[in-house]
Amino acid sequence: MLEVERLLVAYGDATAIWDVSLTVGEGELVSVVGPNGSGKTTLINAIAGLLPVRGGRLRFGSEDLTRLARHEVSSRGIAIVPEGRRLFSGMTVEENLEIGCYTLGARPARGARLERVYAIFPVLRARRRQPAGTLSGGEQQMVAIGRALMAGPRLLLLDEPSLGLAPAIVDHVFEVLEALHREGMAMLLVEQNVPKALAVASRAYVLAEGRIVSSGTPVALLAEPHIRSAYLGE
Amino acid sequence: MRRPRVAPAVLLTVGLGLLLLPAARVPAFYESFLYLVFHWVALASSWGILSGFSGYFSFGHGAFFGAGMYATATLLSAGLPFLPTLPLAGLAAALFGMGMGAVVFRVRRLRGELFALLTLAVTFVFATIVLNTRIDGGPGVYLSAVPLPRLAGSATATLYLLALGIALVTVGTAYAVYHARWGAGLFAIHDDEDVAEVLGVPTYRYKLLALGLSSGLAGVAGGIHSMFVTYVTVAETFSIVVPLYVVLMSVLGGARHWLGPAIGAALVTVLMYGVTGGQTAVAGRAAVGLTLMLAVLFLPEGITGFLTRRRSARPVVTTLDMAQPVLAVAWNRPSRVAGSTLLVCDDVRKTFRGVRALGGVSLDVREGEILGLVGPNGSGKSTLINVVSGHHRADGGRIVVGGVDLAGLEAHEIARLGVSRTYQIPRPFAQLTVRDNVAVAGMFGRLVRDRRAAEREAGRWLEFTGLADRAHMLPAALNLHQRKFLELARALASEPRLVLLDEVLSGLTPSEIADATRLVREIRERGATVVFVEHIMRAVVALADRIVVLDAGQVMASGAPQDIVRHPDVVRRYLGKAHA
Amino acid sequence: MPSFTLLAQSVLSGIFVGGLYGLLGLGLSLSWGLLRLINLAHFALAFLGAYLTYTVSSVFGLDPLWSLLIVPPAFFGLGVLGQALFARFGVTQFGSLLVTFGLTVIIESLIQWIWTADYRRLESAYGTASWRAGGLFVPKAELFALAAAVLLAVLTWAWLRFTWVGKGLRACAEDPQVAAAFGVNHRRLALALSGLGAAFAGVAGAFVALIYTLAPSQIYAWIGVVFAAVILGGLGNPLGPLIAGVAIGVTEALTMALIAPAWAPLVSFTLLILLLLLRPDRV
């Protein structure tokens, strides 16, 4: 469903990722792991349309998204949960969620989708009128995921959902992700946290210094030396 | 900046010529007109000393000009003869300016548009005070009865000479500051004040003194002007004209050049007063506004900026790959005791808005070692570098460099101790050439060189990092690798004892990483101690003598590289339980 | 010590002038808070609107409030045009200050050229009429101005709070990149907001013409105090300039009544200076 073909993204003349190819099939949960600075956020932001693509192609379903305008990506069925949450901290929890279905096509579904998100994250219903910036890290992560779900996406992009969260909260977040996956949501998960990322994924890639160095099932990857050398340099 | 001897000679010649003008018995009209030109040259050039050079755009120049005008008017009414009032007017204005600056410059966030708004507000407040107290009181101050000393044949000629004098003094001062270390510091402040401070520029002091000079000179110009108008009112003195025109003239002529504001002033005055009378005066004002808009949009660097850019666009020889770093670089250093402790961090804490970045970090760095600092995202590595270099102040704990406790020291004082750093995302001074970027570090770091020597020495560091053939380019013309090496050259130019490198290798290709790794070893050979933050583990393992691992703001492990890589906590943190 | 009636009248007139500060500050606060552009020319535009209202009344003999149908829509177009130019040239926040500084002077010169520097006073039924309420005079024009100020502030606040576009704007102001990821078209919203701000300037101008004597130099008299109201009220908050404006207006009026009229302007500027020094993070 998502095909990334030989992607090249650069900042000015610093190439951040090059020759990156990956796929995400319908209903698949694919993880991309790698150490800091390997280009994971660049990859996700490029797929979400937030960064211009220098080379290669992005295909989603039958459509080529490579040159699409930033604000049109959401209506194609891709929603992002950005690194560090990036909520609109001055707006309430509910308003943050509502922005998720801002596109004209999504607005009518506002009520129904809001109910669904509150069903998945009951604590947000209790805090719906609070400014998003006052929530704890874990709660903010839930708002970020909920906001993306409000867009009714076919593919969910998650950038380091475990960042800055306590281990118990991370467990909870990943439980939610697994549940969503079981319901059929396709996801591309980018993570620094190897064990968590590989535990939920059906397939994974290893990104190091801007390129894919390995791919396969989680079991196979853990048996290889690539992950170890990417993180620990041996 | 290249041929300093020509300009002052030309200036002096022109000045002398103008000096003799009254003797030529030209009609008073021309003397009056030239008076106005000199008047505006003085006002605009004095404005440029602070605002043009450092980027602290003041909309309050009218306040200092007005302070000078009213100081003279008040003293004249009290019976003082004219000439002695002028230095007093300058002093009054300077004290006013520095008083304001002493408070305002302490507030870190008051830059850019906020500083401009604040200076505008100060002008209005001052004007209201003047209007309502005995300084003016409402009706204005009449000076027509005050005798004017005859320096030349007529009153207009006298004022002409006085204005010429202050104009020459102001332009000369701008020239002097521009070419001094002071000017280099102000330009660094303009591009990135925080980086300048960390490099050793005493930013507060420099800005304050520049403001004092700027306001003092404006005050003298005001004092002279009071006798030109002979009737001093609050409405005329503190109108929007002075702040608006000096900004316009400087932007048009080029605020970053010592002669820019003067050129702009001459041009605008000719335009404005060349057309006199009723309706056309209004058209003239509209033209002034339009010129400002067009200048900001199309000619942001002004006329002088445009001309100097044309001149320095000579073809530069670009080599495709980096030249081998020159190894024959001697490093003047006091003899060090190998193995002694250079940096001690004792229970260092730092919290940002509720987020605990450093929760009690304790570590030692020995003289001459290369220490690798690693850890996951958010573990506090960059914060530690920021705190040691003075970019931020620690909330708790002690940091000692070479036996000196850093508590209470300003960042530029820490730089003087011999601490320097690079930034993870390079922060060069965008409008200074590569060479000047490095020279600033040489002028203000541990060695405190004078400008000429620093510029010469800069060449050595550019050779060391392979940037010699790019010395006259702007940082924007460099690629990432070169910009990182510029960071490095700048960090080394002050010959520091402790070099803190923040992710110098990220974003580089494998061969570039090899170059950089070689350079870091060279730096240690030359006598510095290196602490470097990195994510690329294999480079850290290859380079470091010791590694410290941070996690969530605390030290998780430290030791030799081989041990760290196999340390069970570290492996578990990165790869999970299964792997360990 | 002045009488109670005098004090009450002062407070009332302070409230009214505060309403005008709010009306003038509304557009400024929106563009500064949500678009990161400081539009100094807002004041000149308001005065242009004032002079146009004056012309509608004195030249065409119409009720001056008719200008509210003509001027704000026309100014909306100007605002859109202005924003398009700013976006095209990539003007920074500081650059916007300088460019609008120049624009202010141009508009002021235009005003002086068309209407001359002579004082212009709009003579209308509103000008002198006032109601009486328990010993106090309530001037008609000023009450209408206050009503307009409150109405526009509340409507704008509601618009930002409850409509899709309003939420999109607020999201854009915080994080345009992520907002775009969810479909918010920053460019189009910026154009609309700019137009709205300019239209508000036109409305403010109409009421200034009703209440005050006009002169081109008067443009600058309002800059300081309205900036103080905008910053005090919190950038981007439509109710902010109104509430802060009333607070400043009442303080000024009381200063005038209890100390001396000439010291009144000091209040707002000193407040502004103190605010910038002590709480610069509010901006």
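Read from first to last, the chains carry the letters A, B and C; within each, the first residue is number 1.
One rule holds in what follows: contacts are C-beta pairs under 8 Å (C-beta built on N, C-alpha and C of every residue); 3 or more make two chains touch, one makes a residue touch a chain.
These numbers come from a predicted model, not from an experiment.
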Message: So, comparing each chain's Cα centre against the centre of all protein Cα atoms, which one is closest?
response: B
Field: Farthest chain relative to subunit C (centres taken as mean CA coordinates)
entry: A
Field: Geometric centre distance via CA averages, subunit B-subunit A, whole Å
entry: 42
Query: Counting in whole Å, what is the centre-to-centre distance of subunit B and subunit C, each centre being its mean C-alpha position?
result: 36
Field: Whole-Å separation of chain centres (CA-atom averages), subunit A against subunit C
entry: 44
- prompt: Which residues of subunit C are in contact with two or more other chains?
  reply: none
Message: Applying the document's contact rule, which stretches of subunit C touch subunit B when the two form their complex?
response: 38, 89, 91, 93-95, 97-99, 101-106, 108-110, 112-113, 217, 220, 223-224, 227-228, 260, 262-263, 265-266, 269-270, 272-273, 276-277, 280-281, 283
Task: Sort out for me which residues of subunit B touch subunit A in the complex.
output: 376-378, 479-480, 503, 506-507, 510, 535-541, 565, 570-571, 574-579
- prompt: Can you list the subunit C residues touching subunit A in their complex?
  reply: 164, 167-168, 170-171, 174-175, 177-186
Message: Looking at the complex, which residues from subunit B come into contact with subunit C?
response: 57, 103-104, 107, 109-110, 112-114, 116-118, 120-122, 124-125, 128-129, 131-132, 138, 239-240, 244, 247-248, 251, 279, 282-283, 285-286, 288-293, 296-297, 300
Message: Considering only the defined contacts, which subunit A positions touch subunit B in the complex?
response: 11-14, 16, 35-37, 160, 163-164, 192-196, 198, 209, 222, 227-234
